[in-house]
Amino acid sequence: MLILMNLNSPRQDIQNVKDKIISFNCTPHEIPGASKLAIGITGPSEHLIKEEFQLLSSVEEVIRVTKKYKLVSRQMKNDDTIINVNETIIGGNELTIIAGPCAIESREQIFDIAGKLKEMGVNFLRAGAYKPRSSPYAFQGLKEKGLEYLCDVKREIGINIVTEVLDQSTISAVAEVADIIQLGARNMQNYALLEQVGKTQKPVLLKRGMSATIEELLLSAEYIVSQQNYNVILCERGIRTFETATRNTLDLNAVPVIKKNSHLPIFVDPSHGIGIWDKVPAMAMAAIAAGADGLIIEVHTNPEKALSDGLQTLNLTTFRELIQKLQELAPVVNKKLNLSKHE
Amino acid sequence: MLILMNLNSPRQDIQNVKDKIISFNCTPHEIPGASKLAIGITGPSEHLIKEEFQLLSSVEEVIRVTKKYKLVSRQMKNDDTIINVNETIIGGNELTIIAGPCAIESREQIFDIAGKLKEMGVNFLRAGAYKPRSSPYAFQGLKEKGLEYLCDVKREIGINIVTEVLDQSTISAVAEVADIIQLGARNMQNYALLEQVGKTQKPVLLKRGMSATIEELLLSAEYIVSQQNYNVILCERGIRTFETATRNTLDLNAVPVIKKNSHLPIFVDPSHGIGIWDKVPAMAMAAIAAGADGLIIEVHTNPEKALSDGLQTLNLTTFRELIQKLQELAPVVNKKLNLSKHE
Amino acid sequence: MLILMNLNSPRQDIQNVKDKIISFNCTPHEIPGASKLAIGITGPSEHLIKEEFQLLSSVEEVIRVTKKYKLVSRQMKNDDTIINVNETIIGGNELTIIAGPCAIESREQIFDIAGKLKEMGVNFLRAGAYKPRSSPYAFQGLKEKGLEYLCDVKREIGINIVTEVLDQSTISAVAEVADIIQLGARNMQNYALLEQVGKTQKPVLLKRGMSATIEELLLSAEYIVSQQNYNVILCERGIRTFETATRNTLDLNAVPVIKKNSHLPIFVDPSHGIGIWDKVPAMAMAAIAAGADGLIIEVHTNPEKALSDGLQTLNLTTFRELIQKLQELAPVVNKKLNLSKHE
Amino acid sequence: MLILMNLNSPRQDIQNVKDKIISFNCTPHEIPGASKLAIGITGPSEHLIKEEFQLLSSVEEVIRVTKKYKLVSRQMKNDDTIINVNETIIGGNELTIIAGPCAIESREQIFDIAGKLKEMGVNFLRAGAYKPRSSPYAFQGLKEKGLEYLCDVKREIGINIVTEVLDQSTISAVAEVADIIQLGARNMQNYALLEQVGKTQKPVLLKRGMSATIEELLLSAEYIVSQQNYNVILCERGIRTFETATRNTLDLNAVPVIKKNSHLPIFVDPSHGIGIWDKVPAMAMAAIAAGADGLIIEVHTNPEKALSDGLQTLNLTTFRELIQKLQELAPVVNKKLNLSKHE
């Protein structure tokens, strides 16, 4: 259920509504919008009595939320969620590019690529310190050492860091370095991790599981948002199908479906999505044309030598060409490519 | 195997190569390109002796085609296939729009929508006279009556006709009316039908089966092309996955994969692909951004009253808005929207 | 809708019911059962008035059939359909084995394997004269020559023939030889072919399409049965999924689902289903334990030399061992393995 | 790589082999078999020199393991793994039944069902204290209270406990109660959890992820076994496909594939697998016929009132009938249903 109030409601009226919610053993969530203040309700809502709220002062409307997910739904909040990461805006009319290698391989490698991306105006570096791998014998990342390098890169080059957390025991270490914490596809339904990451109050990039439905992705986002962390970016990264010509089947259908049903920004990862580097630019363009708010792309100065995911990774030349095409595409979808000014 | 010859090879040299191929019980296919003349070879190619061809005069190179499909592969013909349908060009830099209702429902309905589309500059009308339906009890189309209406529409309104054939017994009737014969997803592996339709020498729009791999789609195209009918348009229309939020999962990954591997034009059907009308424009834009050569879209003057597929059908207003967005998008991908001049 | 009448209803009462159905522009289908006579109704049933039938004499009950499929549903006919093929019974408590090579390769090959199977008591030989192949360049079967050999085998060895039809133009030739006409997975939604095969009145083995839902399989069966041909055997043969360790994913879940919803016998093809010969016996056993009425299994005297599907084909030794295990399993599921007495 | 030694090798010879392995920075794993002692090797095996091992005394053979998974492969250990849980044997010729409700709902409920199952001879009770749920608002289990009830049930009724762990922070609490720790489908690739659970040295039931390949399941098991915990039971529980008639698609093909490639026992969960209670017995029978070592089945004294998964849960009557059928089936597959003697 959702209580819509006048944006200028007196503080006491708002408090009255929240107290009433609490009296039903439910939790109120204050969600300010452009034209209304919404108070979302989670908890055992079957006992709530609609009429009791309609009588309270400053309450304009009481709405039943019909989706299984509540706080992340457009019913609850009609305006797009805008996320401010160190003064860079994600969502709305901004198109954001997150780029970088699959894994941190060495101090030199990560400084080199971060510098090159920064020169191109890219504001977000992706790079994994902890890598989830199907096999226990595969390269699992530089771990703490990797985080240390990221910390140095961030300070010296001045670029925002997007990096994955795998495990509750390393959340605080990752959260210290990351500007956006990435939750990978394999962990989309690791609910304990979702809740703990939600509690950090850091922005989160939540990737769709390999066979998760769109509804399940939104429900997993709800786990994070229900920790009062509203800064969640959803990410489509390809699903599993029978097709073997591509690594995964990037499901761009998810973009307009999510835009309709949720106020959260939706990014696309064309690198994992199609999994073949020379086809990544086409899918990146398609993602933006479908309405995505941003892209997360694997870029490496030397993809042939990458320790993981080399086949799906762009080199700098191809990435630069893609950025130019995206610049042309952005105004067609009424957006602006969010690159920092650079020399 | 593939023999590359000089474009200006004397006719006798070309004939010598073909005779040599026939002497091995194989079939030669002459495929002129921009810079070279290719002679494709199909049949029991394991006995061919490469050296015997290299010695023939005007032969520049002998190449082994490594894909299972041969004539439709880019190895065989590097230049994009361009199809001329009554002076309208499909493929290359042209973006083509095929639009219209799922089914012909009445004379008035089809004249009405065809007139409106023609006014907007659309050169191709889609409309089914024969409808394949899962249930024997569902509306199966107006059949012969439908073809008759299409014939009148074509003559009186002057629009090219794209319509489906279901059955060998109606091929000649359909071929008489259709400018492009559509082969539906359910018939993608109906090889007898593919061959018979191939023999009509009419352009063919071949839709990907619901669970066909991209390789299987290309092999099915090969059945048509091996009948010397090179005018085949491939069409991605959504595959079956576990996701239930959309009718099918439109697999735009197929677009760059096909562009890489085949010279045939690739269209996309976003209407069946995502199956929800208000999300069709986003997927249409994405398809073109991914590199598709055209779209086939369901449009009806009154989708709520359509006898079939109403939920995925655009009305004229939404379709007109989409056309405008596509006009803006086309130059970004170095293409031109192929609409006829109108009032 | 479905009219239940007393089994001993006077002929005139039955005729009255049928006439009433016809007066609504619908088609009556007389379906005798163990305890009741059912009259199924297909056609534009929305105009039927239930009360008008309830008043007719000998009518006991009028039931609305809620499934999209009608004649094949258990609602329409509660008793299992029993099919008599030249005095061999399929369905009910009988477990039937259809065995043989993927394709007829030569006169010697087919006589050899047919003789060996007959000695083991197998009553049904499978062997393809026409083979549907993804590639136009793969072996497509011996065609008419193959049918000729089957005809000889049938006459000289005395075994029932199960063979596939691909194409309307060869239906009558196939129907002349076949005791059961097979419709393959690729043709499950080739509705014109389904109807034409239905009209032959021969028993039909209808294979599930690679990505057909169970409901679609039953609707395709409905196309055949609506031609008054009630002798349809359904066949699960594996669906397409993301798993690559097996050729297809044999979906045994289909067996109890179909048993619940339809009165038609359901067979399983473990050879195509899992696609790896040494795992075929396990899946064959599982199919029978799940409640299947029979199996269709690829067996070859020399699988390594088979022209197609060798990897999924049993040799005679493994097949014989499987038959012995099935003999032990049959009574556990209250069935009897339907082998002919042999010397 | 794998070193095969004589079963009666002197201890010093074994130690020499292990020291040599360690000198290459790899880890030795001693795996005693029926006829040979195997020493598995994990770690950076690319530097190992085969010849150096062949020369050591008591070494009979040095084998390269070709699968990505090593310790769980049949190449590494040919004999079936047998797991002894408080003197009840799992694997080999024993068929094991794990039964019980989805979730612990109350002290009464769990004592009631556990008592009834014990009377029927069932040795393993399944019941969730922690429940992973797609929605944060769904019932998540009784948690610590649930574990407390399980502890009482175990002591008072004398039945082994199988219960799920969701989270690293509760591993030790769960491990104290559980005789077998269950790892659910959503956590199959939660590698940190796999390793921590591995370290408890408790037997583990590892469920296949909803879209995990069989190879990925075995690699996840490898994460556990590489912690020196060899007591891993694999469990097929249904995968995601396009089919909507069943909750999941129980993939029994996994059973013979796993039996061929791994020595670990493989169980089947027909309750989640097909998801419809009246079809669970058919799939349970099929699982055993396919070669599974055991079943995990949802049973509730009153399925209609279950707090979760009621639709797929058997009542006691249906469960008892299934046990009787399984008793008949077991000898057909050369196994014995592992029920305790009871009054």
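Note that the chains take the letters A, B, C and D in the order they are written out, and that residue 1 is the start of every chain.
As a working rule, a contact is a pair of C-beta atoms (placed from the backbone, for glycine too) under 8 Å apart; a residue touches a chain by one contact, two chains touch by 3 or more.
All of these numbers come straight from a predicted model, not from anything done at the bench.
S.K.: On a CA-centroid basis, which chain has its centre farthest from chain D's?
M.R.: If we average the C-alpha coordinates per chain, B ends up farthest from chain D.
S.K.: By the contact definition above, name the pair with the higher C-beta contact count: C-D or A-C.
M.R.: Higher contact count goes to C-D.
S.K.: How far is the middle of chain C from the middle of chain D, if each middle is the mean of its Cα atoms, in Å?
M.R.: 38
S.K.: If you average the CA atoms of chain A and of chain C, how many Å lie between those two points?
M.R.: Measuring from centre to centre gives 50 Å for this pair.
S.K.: In chain A, what residues contact two or more other chains?
M.R.: Residues 211, 215, 240-242, 244 of chain A touch two or more partner chains.
S.K.: Per the contact definition, I'd like the list of chain D residues that touch chain C in the complex.
M.R.: 211, 213-215, 239, 241-246, 249-253, 255-257, 259-260, 273-274, 276, 278-279, 282-283, 285-291, 325, 328-329, 332-333
S.K.: Where on chain C does chain B make contact in their complex?
M.R.: 42-43, 68-70, 132-137, 166-169, 186-187, 189-193, 209-211, 215-216, 219-220, 222-223, 226, 240
S.K.: Which residues of chain D touch chain B in their complex?
M.R.: 211, 240-242, 244
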